[in-house]
Amino acid sequence: MAQRALSISAGLALAILTLGPIAAVLIRAGGLGSFRPGDFEALQFTVWQALLSGFFSTLLAIPVARALARRQFFGRRLLISLLGAPFILPVIVAVMGLIAVFGQNGILNSGLAAFGGPRLDIYGLHGVVLAHVFFNLPLATRMLLQAWLAIPAERFRLAASLGLTPWGQFLTLEWPLIRRIAPGAFAVIFVICLTSFAVALTLGGGPRATTVELAIYQAMRFDFDLGRAAMLALMQLGLATVAGLIALKLAPSQGFGVGRGRQVPRWDGRSTMARTFDMIWIFLAAAFLLVPLALVVLKGMPGLFAGAGQGTWTAAKHSVLVALASTALSMVWALPLANRKGELLSVAAIAISPLVIGTGLFLILRPFVNPFTMALPVTTVVNAMMALPFALRILRPEAEAVEHDFGRLRQTLRLTTWAWFTRVWLPRLRRPMGFAAGLTAALAMGDLGVIALFADPDRATLPLQVYRLMGAYQMEAAAGAALLLLILSFGLFWLFDRGGRAGADT
Amino acid sequence: MKTPMKAFTFAAGCLSASFALADAPVLTVYAPDYFVSEWGPGPKIEELFEAKCNCDLQFKPGDLLPRVLLEGDKTEADIVIGLNTDVTKKARESGLFATHNVALDGLTLPLDWTDDTFLPFNYGHTAFIYDTTKIETAPASFDDLLNAPDDLRLVIQDPRSSISGLALVLWVNAVYGDKAADAWAKLAPKIVTVTRGWSESYGMFTDGEADMVLSYTTSPAYHIIAEGDETKKAAIFPEGHYFMVELAAKVASTDQPELADKFMEFVLGQDFQGMIATGNWSIPAALPKDQWPDGFQKLDLPEKVLFYDETEAAALRDTAIEAWRSALSQ
Amino acid sequence: MLTLENLNVDMDNSALTGTLSLAPGRRVAILGPSGAGKSTLLDVVAGFRPLRAGQVGWCGADLTHSPPNKRPVSILFQDGNLFPHLTVFRNLLLALKPNGQRASEEDSVRIEGALKRVGLAGMSGRKPGTLSGGQQSRAALARVMLQARPIILLDEPFSALGPALKAEMLGLVRDVAGNLGALVVMVTHDPDDARRFAEDVVLVADDKVHLPVATAAFFANPPEAYQEYVGTQ
């Protein structure tokens, strides 16, 4: 069947792009490198912080998503969009924002000091987790929220008519949903955090917070020990695959059945306590996520208004082009992979160190083309690949629900693959696709990833430009460029996400 | 002069720098990322060299040595500029670099330099930078720094991912030798955090998150010259400061050997040396102090300079990093 | 002739067995206790459920291994018969243009005609969510009409409707099927449906598909298995 062939080729492309670079690096190195004593500690810390980060991001997302799903208030849509922003910030910018809030000199400590409170120290394991939660809470929240909104309103009506207690409703409606979505969200976050490096180091306060990715960086850039880098990269891949397998095992895949698509008001959560509780959660999440962002914005204003240089504008143009191309590619790539195997494959793919992928691709491409001219295409492809697991995590549950709910109708109507795809699948998946596309675009804007080896002065992307400016003492211009990056990323995210939701009432 | 008509349709801005003839030979130069931004020294170097070489100088920014090593003798590079002493050993052993034939008697480095492959073009020293409006009396020596109260907040770079971080552990080793571990134990409580690279640290310092940042003796020059701000100073220690130098080298497999030689000469020439101070915010390697820009003349510089040659550094590196790691992991 | 020979179908804790043959144009009700396998039997005919053993045939052709979309069957489910994001018109169009192409002039005429037949004239632009339950059933039935397949399967499609509405819908099905000359197989748990609509009754009980019996005869002399089930209700 055409559909199957498509799935297989999409999966194959992904596998080749994942394993090919590692293989290239391995071949070049002539074998795996050795394991060093410090590596075990690094591995331990890496796994532990990733577990905690995944756990807290997912756990905290539950009440936030629940509150957002059942409350209507002015600015809710904007808030939901804004809450996605931390996820798309370039690492260095986000870390600066967090430090401005939670740092020794940050507003939180200043506030506490004014009231004679104790001094909080952000640096340590808790700081690492805090930063990772900052990045990933929005992702987990949106994934849950998406699923929450996909529960047919009839189910809530039924729950209301049965007079279910809040706990009863939680158990019958919400818990199955959490069980369906949370393990996957956890797995994706766990895997992203596996390759954390700069965040873990900076907020971890020093070498206690050494991750495997740092060891890879050291092996690649300082020791030029490719075998060791490949060995460590395979270790990351192994961890991610295990995490992915466990998560997919834990998550049952049945949906909630077909709704009639009617808009039915919610009956639950009307008590004062429930309202207060929800509002507190929304407020806390908004404060946690938006205050650091606001500081990034404030800090970047002078630099932006002073007029970003020509280089910054060119870089911005490149980034937008890369982002749009990555998004298109990622969507085309994701749709045939929206199944269990595809998701597992994609999760494994992001666990591979961008450095190793970059180096591997460089080795693969070099005999055929001048890698420098390939800087932007390579970035586009790798960014699309890196965004796949997020896109799939968002799309797959909905895609499976469509399949589950309408698969028989499809058969009995004898719909062709094309008709099914264009008339049913795509329209039904509009909302999650908008979200996934927005996320991909924003991620592709912010990702520095593989470009280091391929860089070309005329083909810099905006995140690279931020680093270049900082490296040349242009802190203010860098802050301005970072703000521009934030605005553009968020703009793209908003456009796609909004596009997916506009008029998607049924 | 025969110029293709097409060139005139370009924006005026394009004409100033890369006004190369279509068939001019191309000199490919690998340089670090910060080199090529409009704020780095790259554009100026290109302009100056092209003015006298009748060639087209093209920068390829990014990783230096890893890339050259990956490419081996098929590399496109004719010149690599911006190398540090921590990689020269590996670079030399690769056999990918050629000797430079440049007379070294014009060097004005604070130490003897006789390397016939790697040519220094600017230098500085590791130093802790502070803000005089926040710290009235900075530590007057390394010992003072170790014994400073623990609420003095330092931010440094990781020696495993950053050259300045590596220079710091060698610096501590050079000052304290066997007692390096004790020194780190005393420093540890003052270290707010360790960052991956210099940029993150310096950003934290300018944001007020740290009182002192590991940087270079030349950092205040940027603030003096570009911002007219004289409040950023390097704390100078009589124990000495670790020497940090940036190097250029000619690639052995270059297809433009004459042009490459010309470039190597150019690096120590007046044009390059006169510009590099404010171009790369470092001290020119071959320029007497009285010809430095004003802001550089105002810099506090150490009397004593510490340095391990590449063989010593390679031998010491792992122990020095381990001393740092174990003390800061407590 | 729809023939089911020596069926053996896995169910949750047992297996459904039996042999059955139904003539084109007949209206057949399937009765039986909940969980006995009534819907399973429909799934077998429609091709949604694999057989452990046995054969499914239609007028001499072996359908046993045909996928659902190759069978001469249209089916009305309990719910989810219409895509909620498409208008009624587009939902119906899919029956005529399963490849998703646009409607031709002729398609539009046929769709409007079908809608008129089921009493939904002028509603083609509405989305299912804005229709009442009865109207949704009508729209789905209009689509069955357009599909014009020789076998129509009904899986308790009108159970959510009131008695009057249900009677009306069954009348409509009878007309549609009559026009098409189609065999109708309807699963129901309501004996009145069977009496009103069906010519034959097939009892599914005790893991067995019983032989069809003429409706009047069935109710005049109900089999023991049926009495037990009615009695225990």
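Every chain is named by a letter (A, B and C) in the order it is written, and numbering of its residues begins at 1.
The definition used in the following text is that a residue touches a chain if its C-beta (ideal position, glycine included) is under 8 Å from a C-beta of that chain, and two chains touch if they have at least 3 such contacts.
A quick note: this is a predicted structure, and the numbers were derived from the prediction, not measured.
Across every pairing of chains, the maximum count of C-beta contacts belongs to A-B.
Among the other chains, B has the CA centre that is most remote from the centre of chain C. Separating the CA-averaged centres of chain A and chain C is a span of 46 Å.
For the pair chain A and chain B, the distance between C-alpha centroids works out to 35 Å. A straight line joining the Cα centres of chain B and chain C is 80 Å long. Within the complex formed with chain C, the residues of chain A that make contact are 257-263, 405-406, 408-416, 418-420, 422-424, 427-428, 506. Residues 13, 32-34, 36-40, 42, 59-63, 65-67, 69-71, 74, 76, 86-87, 90, 153, 158, 160-161, 166, 191-196, 198-200, 202-204, 206-209, 219, 222, 226, 281, 324-325, 328-329 of chain B are the ones touching chain A in the complex. Residue ranges of chain A in contact with chain B, taken from their complex: 28, 38, 92, 95-96, 99-100, 103-106, 123, 197-198, 201-208, 210, 214-215, 217-218, 220-222, 224, 299, 309-311, 359, 362-363, 366, 370, 372, 451-457, 464-465, 467-475, 477-478. Of all the residues in chain C, the ones that touch chain A in their complex are 46-48, 67-70, 73-75, 77, 79-81, 83-86, 90, 94-95, 97-101, 127-129, 136, 147.
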